[in-house]
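What follows is subunit A paired twice: with subunit B in the first complex and subunit C in the second.
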Partner chain A sequence: MIKLIEKIEGEAKLNFSFKDNKIDDVNVDFMSTRHIEDILKGKSPLDALVINPRVCGICGHAHLIATVRALEDCYDAIEISNKAKIIRELTLNFELIQNHFKWFYLTIFPLFGLKQNVMKAVTPSQLMAKAIALFGGQYPHTSYAIVGGVVCEITEMDIIKLQHYIDETIKFFENNVLDVDIQMFQNCDNVTKVMSQRGDLVEILKLIEINGWLDYGKSYDRFIVFGESSYFTKGKSIKTRVTNNLFLEDIKESEATTSFAKSVHYHGKYYEVGPLSRAMVKKTALIKDAHRKYADSIFTRILARVCEISQLLLHTELLIKELDISEPSYIKPKSDISSLNASGFSAVEAARGTLIHKVIIENSVIKSYEIITPTQWNLCGGVKDSKGVSQKAMIGLENIEIAELVFKSFDVCSVCTTH
Partner chain B sequence: MSDRIEGVKKLFTSKSARVETNKGESYYLDLFERCQTRLSDLRASQPANRLDFSEVLKDNSIDRRDFMKWVSATTAMLMLPPMFSPLVAEAAELMNRAPVIWLELQDCAGNSEALLRSDGPKIDEIVLDIISLEYHETLQAAAGFQAEKQLEDAMATFKGKYLLFVEGSIPMGMNGQYGTIGASGETFHDHLMRVSKDAAAVVAVGACATFGGIPAAAPNPTHAVGVMDVVKGKPIVNIPACPANPTNMVGVVMHYVLTGQLPELDSLLRPKFAFGYRIHDNCERRAHFDAGEYVEEWGDKGAQNNFCLYKMGCKGPMTFNNCSIVRYNEAVNWPIGVGRGCIGCSEPDFWDKYAYERPMANAKIKAPAGGVEKSVDEFGLGLLTAAGIGIGIHAIASAVGGKKDDGGEA
Partner chain C sequence: MKRKVRILWLGLMTCNGNAHSFLNYPYLEQFFSDFEFIYHPIIDSDYTLEDIISKEIFCDILLLEGAIGDDFIKADIPAVEIIKKYSNIATKIVTVGTCATFGGIFRESNYQNISGLHFKANERIYKFNDFFEKTISISGCPIHPETLVNTLYAIKKGIELNLDIYLRPKEYFAYTVHNGCTRNEYFEYKVDNHHFGELEGCMFYDHGCQGPFTHGSCNKILWNEINSKTRTGLPCLGCTEPSFPKQDLFNTKKNMGIPEYLPIGVPKRVYLTLAGITKAFTIDRLQKKLFND
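Moving on to the complex of A and B:
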């Protein structure tokens, strides 16, 4: 038994056991907790808007959006202006983009023997954080979304600034990540074409090829996406067969004995969540091509996440064009939320995959609050004969270094997971 | 009514925003000399890493002029006269001689996030890149045993010299088992005690590490406490807020490099250069407060015109921090800027006492007034002060006054 301690965004412990020089089993444990769900109990429903973003400093904005949607779901009907919807989606996209950049340069780079590039991670993520701050006031930990809309009153000037941040980020992408026009990358449906270009992405993908790692990281080839937006589609994909009917009541959480994180499954099965899942369900041509060639390996997973950066940047530009600033930012709900006895549910696509919030309001306070994070889907360990997604991907590998790469290709957000 | 008038008068003439910015010529001359000695000692010492500051600036296409602008701003922020500017510039270049160890305990990584990746003016970022971050759990590439060894090495090499930054609260419940670290399963508490033992000083960053933050909110399921509740007999600096403002973190490191000492602190161990200001006193919406113009409801005319958020529960009047001056994310914005109001996240027990959705007029807290020191030390946060009543009265009076337009009361 060899132990490895991961320190990525917080901490997770991996316990490996070997048989015949191959990884035979691995347990993933998360070692701290804050019991945020217990803190929420008995508090005013609106308090969740300020507490929940603080579950996570890495993807806290997804928690804000999940919270506000779960609270709004408690109403039979609630009107949200198109403007507020677009603004919420924009800020969420910016958080995804900056997470992807940071993961690529801070986490993935060193695993390939390249220098961890802090400045390359910082430059685009600062731009995206500024874009969030324009609407949200600060990043991390904004609470600008409220039940009924958003608080910010934006002006044309804000839009101009926003456009500038996006342009700069696109420029950064073209100058560093992939040396082609971002629009061309968007339309590209062939991995071979990407590999003939230059840029940090290609460098990483080529290293996977050269090192003979193209087979690593494969798991169940089952993907699931619950969050919907003007860009992401809900659905699941099993060996490229996509269905869009999902039932939330079929999501189940189960306690683990050694870890503070609960594992989560759909219909009794483990699914991968995240950019690769989103691309598979959305049938993004380039990722489908990579999947045809390399299945759900680290190659496809890394490409899918980087590819999502450019897709979201371009989609964001379209969203901005739809923004009508003369619409109201906030429409007062017909009744006060504390007068409801109801339950609400939301699913949001965070950087690492589907994030789910469930709230029950009773007698003006939160009766219960449940949070299921993306890392729980991907990284939590299964029981003996049914392995979790990342467990399955690591079993059979020869050494811990490769296992670490596979593990981190899913990306860990343990602070989220240990909420 | 005369009470009310007195209350309001006291509020607006109070010295709550007063920070001693001029300590006299002899003080500064003396300090200048000490700083010079400190910097020449540092220059003679071995750099902890080989990063060359001017090279890094050049790599990031920041010219000397931009750098000097930053130097002036930082000097002013540290409340030093302009003559210190060259020393501040020199200190920035010597940042690679300040060993820093960064621990993450019961946290959300939000301060690391704010500090090292998504916030802070570019040069702050570089200064922090240059500081010799000997150990940072999130940022370093090393993991597992390798990382633990790195920590041991850093602690031994820089024994008694390193600044220990701590992010996150310490769970004391269940014998500390709510949070453990490393293969040995050392509790956060033991980990902190071990690493803080040989630190020159401990800097608690963020609401959780300073006063317990969200994890300590009622019912505090894990019995989370702040650093100063467990670390004794060490100089401690608190940089609260959620997240802490990177500018203030840089300020503390700069001050340490420059003078070899910690900055002047208030009774809650917060550096005065940052927490000597009350949000309310420098708020861009303050004029609307004075004019009695409030947001009464989300999305109303007041909200559309950036009126004062006091009635929506803004805690700016009783929160000490420099957000209204330095703002967030390269000064792009701050919570009051978008109309959400201050939640008081840099104050002790911020959640239980300040919870956002409770408008202040109904909350059981009162605005401290009468000077920073006085308010915090003598009155205590929970105590009633004349100005506290004053604000409440003012808000009510203005609501009545607002009827004027309708041809009501004059």
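Moving on to the complex of A and C:
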């Protein structure tokens, strides 16, 4: 039975086969691609800063940051001011936050029989878009992070404005998502305490409980995080055992036979990426508690994503305090990037998980460009005896509606997947 | 009560950036009391994409987002067929974004005959000629939400919009991105020592800014209500134009030291004369940092 999954930044087709009234297998098919990697070939390296945000309308900023870091990695040494690094991290965090709000109110709400709440989605996401635009000039699709730093200069007045956007977003979170002081939520290490509160998050989590869905959505219980920041830690977690030594070169991408999306594995194994993975590797107390009780189910996955909103909002306030606006925003690289014959890698934590860019520059132009997106990790189909992460999470479920919920709990992005 | 205007938002070869930019419109609650989407790539609708494709659902306005290729398939159907079906049904068509208008970034993708609805870059194409008269183009990568929403209201009110040769409303596209840029004085007096990361300086002379020859209201109607690319220090990338994306976007192409592309309507001789005069003066205030001294 084939189900067209819509409104996931495009579409995907799930082809289910049933056995004994349970899903026995499911094939995930992303149906079109736009060949971004080919478009980049032969272009001036800096043009990738303009083209790559257009991979995706909802997480294009992560593609910008991944691009600038991959290009900077082509240098043996390049100086980037701490100020520029902090500004880049701030705007990337703002994008994650706007994404998570949109996913929660636009995608998750209707799956639980609640009306999609456009206004609750856009009120905080517009504030976060303003926060990005304050530095980047606009959102979506700015190219403000360039090789050597960022193009903007900021003033104390800008910081005051920024603080207002963040404070308003925190108020929104406390008034709608979870009716407690955000700092208390940050320190909470017990799911039961969260469940005794009020708010849209609790409403969703209770519905999972009431509907008897606590077991749904479990996959390999393997998580991986390659992107590092002042908040996220690199590492992998297998059945709660965390190790931090990871090597980008051990990531392999393989062509799928039916879908335009290529599958991705690390040392031959599939891993989940995204907020749940980040929380498991970082050992966030509340998510660890949920994981102890409900493993890698939709309960834990949804909680982890929403929890990341408040974590990032609070962390952002710390980052702003570290900003020294007297530092330069941009330091001109000693040599022009077009003069290099080199390759560069980057790994960035985007809203949906680890995003990897690889670039090779030769004779002043981009010789090749490779992008591995988070949704490829989570949603690409595996081969017959080794299922992909989302496939494994859907096998054994009773019906397609639940399977769609499990599928979308990973926060699917079709345009990113097939780029 | 009068019925709401029914809109079909159809995503083609796209990144969905226009759909997300639309979500940044500040008065969406009011918008939704006047308009409804029979389908939208993000917002819930009464019909599914499968309904849209398998049936003929009535709509007043067709919004197209993304480039069009002859062999581009949308949910198992050639996108061209879906476009034709709903172009016949709708009273007005709006191409939303530079891809749907001119082909944009994805003009270089590997499909056959990739273009916008009526233009392949600046070349007029006739594949959908029957619908030319009912089309309005809102270019931009992405569209500015206010430009799109106000155009939809103009359609609702039956206003005959004054359009340019690419069917773009002149109200928004007769201006250049240069108009209203906070760095204008550095342009006017040819202060050509711009460095990235500074409040001062103009990106036109060295860093590829296309503001003076790009049509758009970016510095008149600010982005996210607060800023613009050029104000923050990022060159205008010309994203509303048929030529988007040009090559080598962070460099100003020059011949004998003169920028290859000059402000719209300014002959080279006029430009050179003015440049010669302004270069003869040093304006101290514009050589210094804005806030220090």
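Going forward, the second predicted complex is superposed on the first by the 415 of 419 C-alpha atoms of A that agree within 3 Å, B and C clash if a C-alpha of one lies under 4 Å from a C-alpha of the other, contacts with A are read in each partner's own complex, and residues count from 1 in each chain.
One rule holds in what follows: a contact is a pair of C-beta atoms (placed from the backbone, for glycine too) under 8 Å apart; a residue touches a chain by one contact, two chains touch by 3 or more.
The model shown is predicted, which means the values in this text are computed figures rather than measured ones.
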TODO: Identify whether subunit B and subunit C fit side by side or clash on subunit A in the overlaid structures.
DONE: clash
- [ ] Determine, under the contact definition given at the top, whether A:T243 touches first (subunit B), second (subunit C), both, or neither.
- [x] neither
TODO: Considering only the touch criterion stated at the top, classify A:E404 as touching first (subunit B), second (subunit C), both, or neither.
DONE: first
TODO: For A:S17, decide between first (touching subunit B), second (touching subunit C), both and neither.
DONE: neither
- [ ] Have a look at where A:C152 lands relative to subunit B and subunit C in the superposition and call it first, second, both or neither.
- [x] both
Open item on the list: Quick check for you: in the superposed arrangement, does A:K332 touch first (subunit B), second (subunit C), both or neither?
Closed with: both
Task: Which of subunit B and subunit C A:N175 touches, first, second, both or neither - done: neither
- [ ] Pick out the shared contact residues on subunit A: the ones touching subunit B in one complex and subunit C in the other.
- [x] 4, 6-7, 9-11, 31-32, 34-35, 38-39, 43-44, 46-47, 49-51, 54-58, 60, 102, 106, 110, 116, 118-119, 121-122, 125-126, 129-130, 132-144, 146, 148-149, 151-153, 161, 328-330, 332, 415
- [ ] Can you check the complex and tell me which residues of subunit B touch subunit A?
- [x] 59-60, 104-114, 116-119, 122, 125, 129, 137-141, 143-145, 147-148, 171, 178-183, 185, 188, 213-215, 217-222, 224, 242-243, 297-299, 303-304, 306, 328-330, 332-340, 343, 351, 355-357
Task: Residue ranges of subunit A in contact with subunit B within the complex - done: 3-11, 13, 31-36, 38-39, 43-44, 46-47, 49-51, 54-58, 60, 98, 102, 106, 110, 116, 118-119, 121-122, 125-126, 128-130, 132-144, 146, 148-149, 151-153, 161, 328-332, 404, 415
- [ ] Can you check the complex and tell me which residues of subunit A touch subunit C?
- [x] 4, 6-7, 9-11, 31-32, 34-35, 38-39, 43-44, 46-47, 49-51, 54-58, 60, 84, 102, 106, 110, 115-116, 118-119, 121-122, 125-126, 129-130, 132-144, 146, 148-153, 155, 161, 328-330, 332, 415
TODO: Within their complex, state which residues of subunit C touch subunit A.
DONE: 11, 13-21, 23-24, 26, 28-29, 32, 41-44, 48-50, 72-76, 105-106, 108-110, 141-142, 195-199, 218, 223-234, 237, 239, 245, 247-251, 291
